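The structures come next, written out as structure tokens.
In what follows, chain A forms one complex with chain B and a second complex with chain C.
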Partner chain A sequence: MELNRRRFLGLTGAALGAGALGKPSRASAARAYQPPPDAYGCLVDLSVCVGCRKCEQACNQVNHLPEPERPFDDLTVLDDKRRPGPEAFTVINRYYTGRRDERNQMAPTFVKVQCMHCQDPACASACIVGALTKKPNGAVHYDVSKCIGCRYCMVACPFQIPAYEYHDPLTPRVRKCTFCFERISQAGGKPGCAQVCPVEAITFGKRSELIKLAKQKMADDPGRYQPQVYGEKEVGGTSWLYISREPFAKVGFLKLPSQPMPHLTETIQHGIFSYMWAPLSLFALLGGAMAVFNRKRDQGEDRS
Partner chain B sequence: MSARRKKFLTVWLVGVLVGLGLVLYAYQGPVAATPAAPAAPKPFDPVAAAKKWQQPPPPPPPKVNPDGTPWVPVDQVAALKRAHEVPPLVVKTLEETQRERRLRLGDKMPKMADMKYPYLVLDNPMVNKEGDLYEAVRFMHKKHAAVLEGQCFTCHHAKPAAKDASETTRCVACHQSSFNPELPGRLGLKAALHRQCMGCHEKRKQGPVGCTDCHAKKVPDHRKLVKLPDKPGPLEVTKECLRCHQDAANHLQSAAHWQWKGPSPFTVNGEKRIDMGKATNTINNFCVALPSNWPRCTSCHAGYGWSNAEFDFNDQSRMDCLVCHDTTGTYSKVPTAAGWPFLELDFKKIAQSVGHPSRKNCGDCHFQGGGGDAVKHGDMNGILYYPSKSCDVHMGGMDFACQECHKTRNHKISGRSLSLPVAEGSRTCQDCHTNKPHNGNSLLDHHLNRHVEHLFCVTCHSPVYAKCRATKTWWDWSKAGRKERKPKKDRYGMPDYDWKKGEFLWKESMKPAYAWYNGKVERVLLGDKIDTSKVVDITKPVGGFRDPASRIYPFKLMEGKQAADAVNKLLLVPHLYGPGGFWATIGKTKTPVPDKVIDQAWNKAFVKGMAESIKVNPNNKGLKPYSGQYQWVQTRMYWGLTHETMPAKAALGCAQCHESLAKDKTCCRCHKDERHVDFKKLAHRGTDFEWMKKQGRDVHELIGKTDYLNFKALGYKGDPIVYGGRLKKLPLASTIDRECK
Partner chain C sequence: MSAHSHAAPLQGKTRFWSPGALVMAALAITGFMFVVARYIGGLGAVTHLSQSHPWGLWIGVDVASGVALAAGGFTTAALAHIFGRHAYEPVVRPALLTALLGYVFVSLALVVDIGRSWAIWKPMIFWNPNSVLFEVAMCVMIYTAVLHAEFLPVVAERFAHGFKASLANRSWPVVAVAEAAEGLLAFLNRNLSKVMWVFIIAGVVLSCMHQSGLGSLLLVAPTKMHALWYTPILPLLFLTSAIAVGFPMVVFENTLVSASFDLEDEMDILSRMVRITIVLLGIYGALKIGDVIARGVWPLIFDGSVQGRSFAVEVLFGIVIPWVMLLFPKVRNHRTPLFIAACLVVGGVIVNRMNVFLVAFQPPYPVQSYFPSVGELAITAGFIAILMLAYRFTVYYLPVLSPAGKEANS
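Here is the complex of A and B:
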């Protein structure tokens, strides 16, 4: 069958008409995603953490990470601000916010940093092969067998958590906190860091319960906490939640919108592709341009 | 002979001659050397020394009581058993404020006297499941209650809702495993303990908050970490240890156990010096001093091969890690091999099972001081490997390792002694037991706590020393050398004579000498002038009746006779051990040994001993070479007694020192007679020497003794209850004749 211009335009029109007949709702076309309702979470009480780095040590052990350069009982590493990396899925940072203790000494606030396991993870949204997925138990899980190493997740993460094994040229992986996926999938399993914490600065449980617990703690001791559960609303909610004595902005937490990151990106992206309007208009534009130019050429030929 | 043959022979001869000439020209051996030059000293041969010793490495001390039954640290085992119980979980607690609770209880508030468990171990399998990095914590329950002045509710913050539940229900009843979904917000046991302890310590600004201040770190399994070939030597082991523990070597390098000298803050006129110690200038009245006797003395050095004055203390490869960190109990040093161990030991196995030191590691040297078990220290001997509770309440009852009191940081071990100037920190009983250690909150405790200002704890809490094994109290070197004299066994089975060493006296269960002591020590060191006409105090505690910093301390008095330079008036160092030493010279002589030979042997020993002493103390102006004339002087050393504390009920009682309380009239002179307290019983109970005698202890002289301390000798007019104390007079003399009732 010969496809001439007339026929092509006709077919396009038919397709457009068929698309318009479906009339799906715009929002659901962009965001059909629902966070897992029964997810686990961890509530970190920064006013309790003593900065002992046992969570780092436990994380290292349960994930079989390489021996650190400086031992875990060396607390001088806290002098620098660190980020999680391919060899440490969680780190403790120390902040001096100006608060003074009863001895008039600068009181430190220790902040545990790791993957927040977003309810609506941007990394999973950005991953083009589905290597990163939000699991029903709350973990944002990384499947190395699917990963192609594009590192879109690293760009996408609002907390800049995923790290890449740049030192490994052949089989590099994206590394980040696993939420001890295997451990918490078992009955009674706890994440390594939460289990080892000597003061239970980390409480492990159902996310919904933890939010209740956090609110309860605030109600019981309002002077002790900022009236905010960090992670309850940030980027649509995270499985890891924080409560703090100090303003979150002072202890290294980013101010983030309550809308999940994928909401914007996926809306744009899905919007572009809904009803195929974007490619269709592109082809229509190209077709129109071609038509105009061809006509001009035809006319020119005629003139010559 | 053909011409050709002649030519060949000539050439051959010339060649040989030229060759010989060249060889002679090059050779500059004994012909060139001066005959007077001494031959270079032979390097110390540990293999030969071990062979000469002829005995196999000793087996680990058996973990049994003297009667052969298995040894059990009773208090520790009981506390651990209790700690490992898991009672049913308390779900509901009574909802009330502390004020409501006090109102509810009224007079029924729990009291100190209600406390059932004065000693606890904070341990539970539930906690260990959640992380097993540290050892369990010993917890002085009663002491904490005393410090909190009986405010039990500071820790026991809630009562279970059940009516019959105790007001002081234990932690584990409510706090069990963490993150129980049924009880959101309820802390697990581990967190509850940590928060309670650390929170309170921080709030009250007292008590430890660091991990290793309460816990000992668990040593990781070294079986996979230690990589050694089969049958490694000791030096290979050290190299392997330092591969990971270079810091430890750096720390040990400046530590007393390696240097055998160091800071001496408690020595009079030595407060700023760092050069004093066994390595250089200390002297005693046992085997006298180190110089010239190295290989024998340094068998207790935490290093290998300190056999002469030239030992290199910067050579970390010579450090002996295993002597302190072996946990197999098999590691052992040859007693005469300059610190080298028995080379037939399985060093690989030992290196792979390293851990924290135990009483065995420390004891192998510190119990054996002076050349044998119990010789030197009056309060430390082989009994303490596995002592009974009645012998030492800490080590026997609760299985304390040495470093639990002698806190160690960076291989610097705290603690001090009278015998040696080096101190890397100081420890006292009060560090744990506080200045008010008698915390029963009773009438008697008030009086006992006032004793703390004037008495060191051990003075009452261990009224005899060398309780279970006789220690040497007299050593007369002037009698040495008589090979013909047959040693006799005394009533403890100890020999009264050894031709190598002289005459001895031994004593078991000895009443200490008491003296005022403020922590400072006067010492006679190598090169110090002495008065040879008097008894020379080599170490002497400083203190006095009027000195508020002084307290009455118990001491072992070690007396003996040793040699002094009759001209230079210096204590002499004899060269005893090794070729040319006193022992070797006499050993070669036929029995009976003539006086002249002994005299000559001594002279030879002193020449070498003093020469080597000068070598290791080049800046000591007082040291002089041996003059050629020696004399025997009587010397005395005070040895502090700090170990072998007995259970509280075995401490000296009131009436055993205070004669004024020995009869019928006791507390009632000042206090109204109270029906529920038997004053006489209170004042008259104390150390039960009758019981000790029945146990086979040599204490018959001490039974029924009053004025145990001898107040007059200490500077009091008499019993302080009657005549008043040293710093203030109590108005008690007037009441002394008051009638009771």
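Here is the complex of A and C:
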């Protein structure tokens, strides 16, 4: 009996340790998540964008967002770096990287910022109630009816995208680009921004096709682009993809690992909680300890 | 576990409204006014939370530190009831009460912190098993219920007899309800001890799960966390630090309560208890220091940054100094130095939780750096004050403390 107990203890301890440390060997078994194969995406060609802010305006209209303080045709807004917020799901930022145009003027690069709609989103993994989900069409969708307002999605997002209505006392919402979920759910529907773009800097389509298109563009015009499709690999891939003339680090893009953000936490969670083996083992272990130690006590060996 | 302890209510032995209790009441009222403001103007009106810093003082202190410091409940229960060290029985009930109140106030702080307070029940219906926060929330919820069950004998012991008699001359429905209640309590008083082992073990298991779970929370954001704290063993560090802080927290609370109610303290038990802390704190410290060495990030401690200094403070004052102090019998056997060592361990865990949730959190596009607002501080202080008042109220009317012989002067 003693041997059995000790062996049980040893095995449980080793298994608990492995679970707690999230050994990679358990990882593949623990995480079965597959990104949607037919996800839509958008490819943004930064070398084409002229910074007209029409996409911001279209986004504002299709999402019924409040009128901005300064109108969309006021381009001095671009003098400051902005972030998407509760009242603007997408913004354009302007960068000067030192490149000069044919008239020797400083040439700007414009960068559209919005939710990247990750293939394996950290926000959806983090969300306590599953209010954020990755839909088969590619959108990372927010269901306000489930949300409790814990803001863990904001903590988790590597792109710092979800924004919060901090001044609403009772019914604040998490706000972010919806990928125009309703519009793209209809045949031929496009996101508002992609539809309106006058220079066709934004191409909407199947993500897998867009990656091919991006590589085709690079092959067709060698030297025009950096040899990287931003979003192809970052955090396990994103539905929004970018190609750029300028190095991505110079125009506000984050250098991110290719491993999906939820990898470690979900490996630990599923490692410990599959069939509740770890809690149940611990319960059994402690129950055994309790029986042993308290039997001694009944025999008058109360140690202290 | 013995059904009847030597614990007794303090009612009549000392007065309730001491000067300290009045200060606590004032803090509680101030905090409450800021809570009202939060429900009028939203979180934005009273906090410094921003789009880049969605979690602040309330998560770092009220929730994360609150849960860690309630660890005295499950560690003493494990020591006395599972490992059969029954000499520690007198500190189990007060530690249990601290844990119970701690979790109630963690939950209340969460109600205030989440944007849609009224929706707090939704995780019970909408499950996301991938979410660490979901696991933590479920464990905290179930464990709070378990703590209530573990505390039930205290209530049953107090009211199992004489409850009916005090209401004897009321009208018959009142008497009938009183009789039913007394019958139930008497039944519980007789039979609870037979099933209590299930709750005690469940309490320890649930604690291990969510104490470590709290450490997993920020592992979902590797690119936003400072390297000194971002480690795959963060859940293990949270668990071992919670276990290590359990007994120092009992010392801290016992010393304060003894002083406040002018009771005999339980130095003999406490000094023996903290010998175990040397081992537990040693394990935590070894893991913590070994981790930064093994990952090769230790030079960041000395790079002059806020993070580096904060890490140094956490390890030096929260682990190394109290650990060395506890090695000396002179410290363990004397009330004041033992209290100081306990405060350092408790403070170290609070600094650790604030470091992990606030200092280590570095958003890529900071809107503004985060520092808690007056409102956030006032609400946190208010919650702690109400917790202490509730503790005082409970030990005043229920048999929690075991006044060891000495008659308190009223």
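Criterion: the second predicted complex is superposed on the first by the 244 of 304 C-alpha atoms of A that agree within 3 Å, B and C clash if a C-alpha of one lies under 4 Å from a C-alpha of the other, contacts with A are read in each partner's own complex, and residues count from 1 in each chain.
In this text, a residue touches a chain if its C-beta (ideal position, glycine included) is under 8 Å from a C-beta of that chain, and two chains touch if they have at least 3 such contacts.
The shown structure was predicted, so the numbers you read here are calculated from the model rather than taken from an experiment.
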Next on the checklist: Touch test for A:H167: chain B only (first), chain C only (second), both, or neither?
Outcome noted: second
Next on the checklist: According to the stated criteria, A:L286 is in contact with first (chain B), second (chain C), both, or neither; which is it?
Outcome noted: second
Checklist entry - In the superposed arrangement, does A:E266 touch chain B (first), chain C (second), both or neither? => result second
Item to check | Partner chain(s) touched by A:V50 [first = chain B, second = chain C, both, neither] | outcome: first
Checklist entry - Between chain B (first) and chain C (second), which does A:E234 come into contact with in this model arrangement: first, second, both, or neither? => result neither
Checklist entry - Does chain B (first) or chain C (second) touch A:G130, or do both, or does neither? => result second
Next on the checklist: In the superposed model, which partner reaches more residues of chain A, chain B or chain C?
Outcome noted: C
Next on the checklist: Taking the superposition on A as described, I'd like to know which of chain B and chain C A:A156 touches: first, second, both or neither.
Outcome noted: second
Checklist entry - What residues of chain A sit close enough to touch chain C in their complex? => result 20-22, 83, 85, 122, 124-131, 146-152, 154-160, 163-172, 254, 256-257, 261-262, 264-266, 268-269, 272-273, 279, 282-283, 286-287, 289-290, 293-294, 296-297, 302-304
Item to check | Residue ranges of chain B touching chain A (in the complex, touch as defined) | outcome: 130-131, 133, 178-179, 181, 184-185, 187-188, 190-191, 194-195, 198, 203, 205, 211, 217
Checklist entry - Hey, which residues of chain A end up touching chain B in the complex? => result 48, 50, 52, 54, 57-58, 73, 102-103, 190, 194-200, 203-206, 209-210, 212-213, 216-217
Checklist entry - Once bound in the complex, which stretches of chain C touch chain A? => result 38-45, 47, 49-52, 54-55, 78, 81-88, 113-120, 122-123, 126-135, 137, 197, 200-202, 204-206, 208-209, 212, 216-224, 232-233, 235-236, 239, 272, 361, 363-365, 367
